[in-house]
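Everything below concerns the one structure shown next.
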Amino acid sequence: MKRIGIADTTFARYDMARAAIREIKKHASVEIVRYTVPGVKDLPVAAKRLIEEHKCDIVIALGMPGAAPIDKVCAHEASTGLIMAQLMTNRHIIEVFVHEDEAGDERTLARLAEKRAAEHALNAVRLLFRPEELTRMAGTGQRQGFEDAGPLEGGGGTH
Amino acid sequence: MKRIGIADTTFARYDMARAAIREIKKHASVEIVRYTVPGVKDLPVAAKRLIEEHKCDIVIALGMPGAAPIDKVCAHEASTGLIMAQLMTNRHIIEVFVHEDEAGDERTLARLAEKRAAEHALNAVRLLFRPEELTRMAGTGQRQGFEDAGPLEGGGGTH
Amino acid sequence: MKRIGIADTTFARYDMARAAIREIKKHASVEIVRYTVPGVKDLPVAAKRLIEEHKCDIVIALGMPGAAPIDKVCAHEASTGLIMAQLMTNRHIIEVFVHEDEAGDERTLARLAEKRAAEHALNAVRLLFRPEELTRMAGTGQRQGFEDAGPLEGGGGTH
Amino acid sequence: MKRIGIADTTFARYDMARAAIREIKKHASVEIVRYTVPGVKDLPVAAKRLIEEHKCDIVIALGMPGAAPIDKVCAHEASTGLIMAQLMTNRHIIEVFVHEDEAGDERTLARLAEKRAAEHALNAVRLLFRPEELTRMAGTGQRQGFEDAGPLEGGGGTH
Amino acid sequence: MKRIGIADTTFARYDMARAAIREIKKHASVEIVRYTVPGVKDLPVAAKRLIEEHKCDIVIALGMPGAAPIDKVCAHEASTGLIMAQLMTNRHIIEVFVHEDEAGDERTLARLAEKRAAEHALNAVRLLFRPEELTRMAGTGQRQGFEDAGPLEGGGGTH
């Protein structure tokens, strides 16, 4: 049975992992391994260990960086590390970050976090089991958590 | 037979892969392997897997980063990862990014995406089969998707 | 017996290591190895040596970057290196940086440094001995050194 | 016989490779291998292949980044990759970048490109054959393409 | 006998290596290997070669980045490379950079370069022979080249 790793943080203000796990269970029968760390900069090594020590086939890395400039820098460092971890393992680590300043109030931010986590969890399932679905959606302006942007006007679009 | 990998995204709003594949087929007889991921930050590991697992000799990585500051950061992280993936595999990965703010309207952006994908696909074919063509064009101000800048005035220029 | 490495600097203006070591001893029986370097950019290799040469199971990296723009760049470089060191060793290195401009006066800064070092020392103990505690706190807006942000209003929150 | 690799781009608007090769031939008897790629971000892997596959002892990487902010980011990514390529091979890769906004008109830019390429080509020859020449010039404010800054006033300076 | 590597540049406007070597000789009996390169971006591979090919136990990397924005970027790239080189070798490389805009006139800049090089040379000696001295100075606000900042007021400070 395939294994999906879920790496998340105590810094985040929403339990994105729960949203991701619920969505995964709707779409696939897999083992789930969860690994919680303090903040986003701890995610890269957690994700790598989920792959190498816990034998996960793919990882979803969930985080909620703050709104201050230093938080943006932390998120950038974490993202760079997550990409490096993927290159070192040849496995996907789907980064799902929700920035605290992406929404004006807490309720909207919570809904965004829920939706983005769920939609990226589905992306992880597709990468693992149904990659051809992603290819059918290539170039169609998919967005996670927000309404899709859609394909460009005048861009053709019939595959 | 040589293999060219095409890595693209569902985030992009134009099917740049189709444009690239069409151009490749005009110029060379190769096998093409396509690998679609959610966004540009997923491209580095996809490109590396195309090289190491799908045995591609070269990869074209297509993406269309958004116009917001966070999108610029994502593109930078993706580019850094694509360069690292090349260094780890000793294979070229031609990055073809079209930024959503490079054109004022959707139709122009679509044409830019089409043209840049096609021109860089030709570059990939040259790197693989006719590297001497690139050397003949060295220092001549080639641009992909826009009009070429041309060689500097007063710069000599006869090889 | 498990070993915790403590990497710290002579640049810092507060003995954060003492605070971290005191907290660790309250919660766990471990061997502690301390390694002091000049500044934060020397921390990545110190942390890696603590893991590889001194056989530490986890490392706490303590630093106090200055307030000037160049200090922010140094902190960013150090953080990037600490993440890389983790990926190369598959071990956690908990970064505990206190920026000199995080507080308006020296007394407050000292208290912040003390508290953040202690709270992150506890995080290191949890990662090593009681990871399930961190999972119980996932998504609850924990902050180290400051009051916790708490979970988002309207975000649900019962596990 | 020693081999010097020359990596350059079709994006550049001046044939810097010709200037570099001419200068090398004045100073040393070596084999030269040239490798042209589309843009500066393709240089790191080209330089690494020149070292590992074409057995070059040193590489000169020539590029001419544009003046737009995105071009500055590309140059930064390329430079980071060139440093990484050096660390992976233990060989020097002399980066020779001329930014399009370093001169006010095309003629001056062409002369700058010519001069910087030539002066750095000489540096490559020194690194390979006469490293003691560089040590004699240490701390003397050498600049490539522009007038040297010279040693600091009041800095002593007799070796 | 231990070996200390000194990597420096022809770009710098002060012979910082001389200051560093003089200080080392006051404090320790070691072999010194000097390696001069054109600019700070050439330092990472020079430092790595000093460690791997010249068998140095530690390296001091001396540079004097210019005051322009592009020089700041170069310094950042060099620093990132120096940290990576340390992680690849498990050896310290003490970075000693003096930015041309750190002082208002050339004489002051020269004195700063002299002093910082000497003080960091002593740090290198301590890391190699007397690491316990650094631990005694931990958290005491040491600065190299400028007056020490000292420990925070109200921060305690008796070890």
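As written, the chain order gives the labels A, B, C, D and E, with residue 1 at the start of each chain.
Simple rule for what comes next: a residue touches a chain if its C-beta (ideal position, glycine included) is under 8 Å from a C-beta of that chain, and two chains touch if they have at least 3 such contacts.
Everything numeric in this text was worked out from a predicted model, so none of it was measured.
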Chain labels contacting chain B and also chain C: A
Lowest number of touching-chain links that must be crossed from chain A to chain E: 2
Copy-to-copy rotation for chain A and chain D - C-alpha atoms, rounded to a multiple of 5°: 145
Approximate Å spacing (C-alpha centroids) for the pair chain A, chain B: 25
For chain B paired with chain E, centre-to-centre distance based on mean C-alpha positions, whole Å: 40
Multi-chain contact residues (two or more partners), chain A: 80, 84
Pairwise touch network: line, ring, star, complete, or other: ring
Round-the-ring chain order [start: chain C; next: chain E]: C, E, D, B, A
Sites on chain B touched by chain A in the complex: 8-18, 34-38, 41-42, 44-46, 48-49, 52-53, 64, 70, 73-74, 77-78, 80-81, 84-85, 88, 106-107, 109-110, 113
Interface residues, chain A side, partner chain B - complex: 72, 76, 79-80, 82-84, 86-87, 90-95, 99, 120, 123, 127, 131, 134-135, 137-144, 149-157, 159
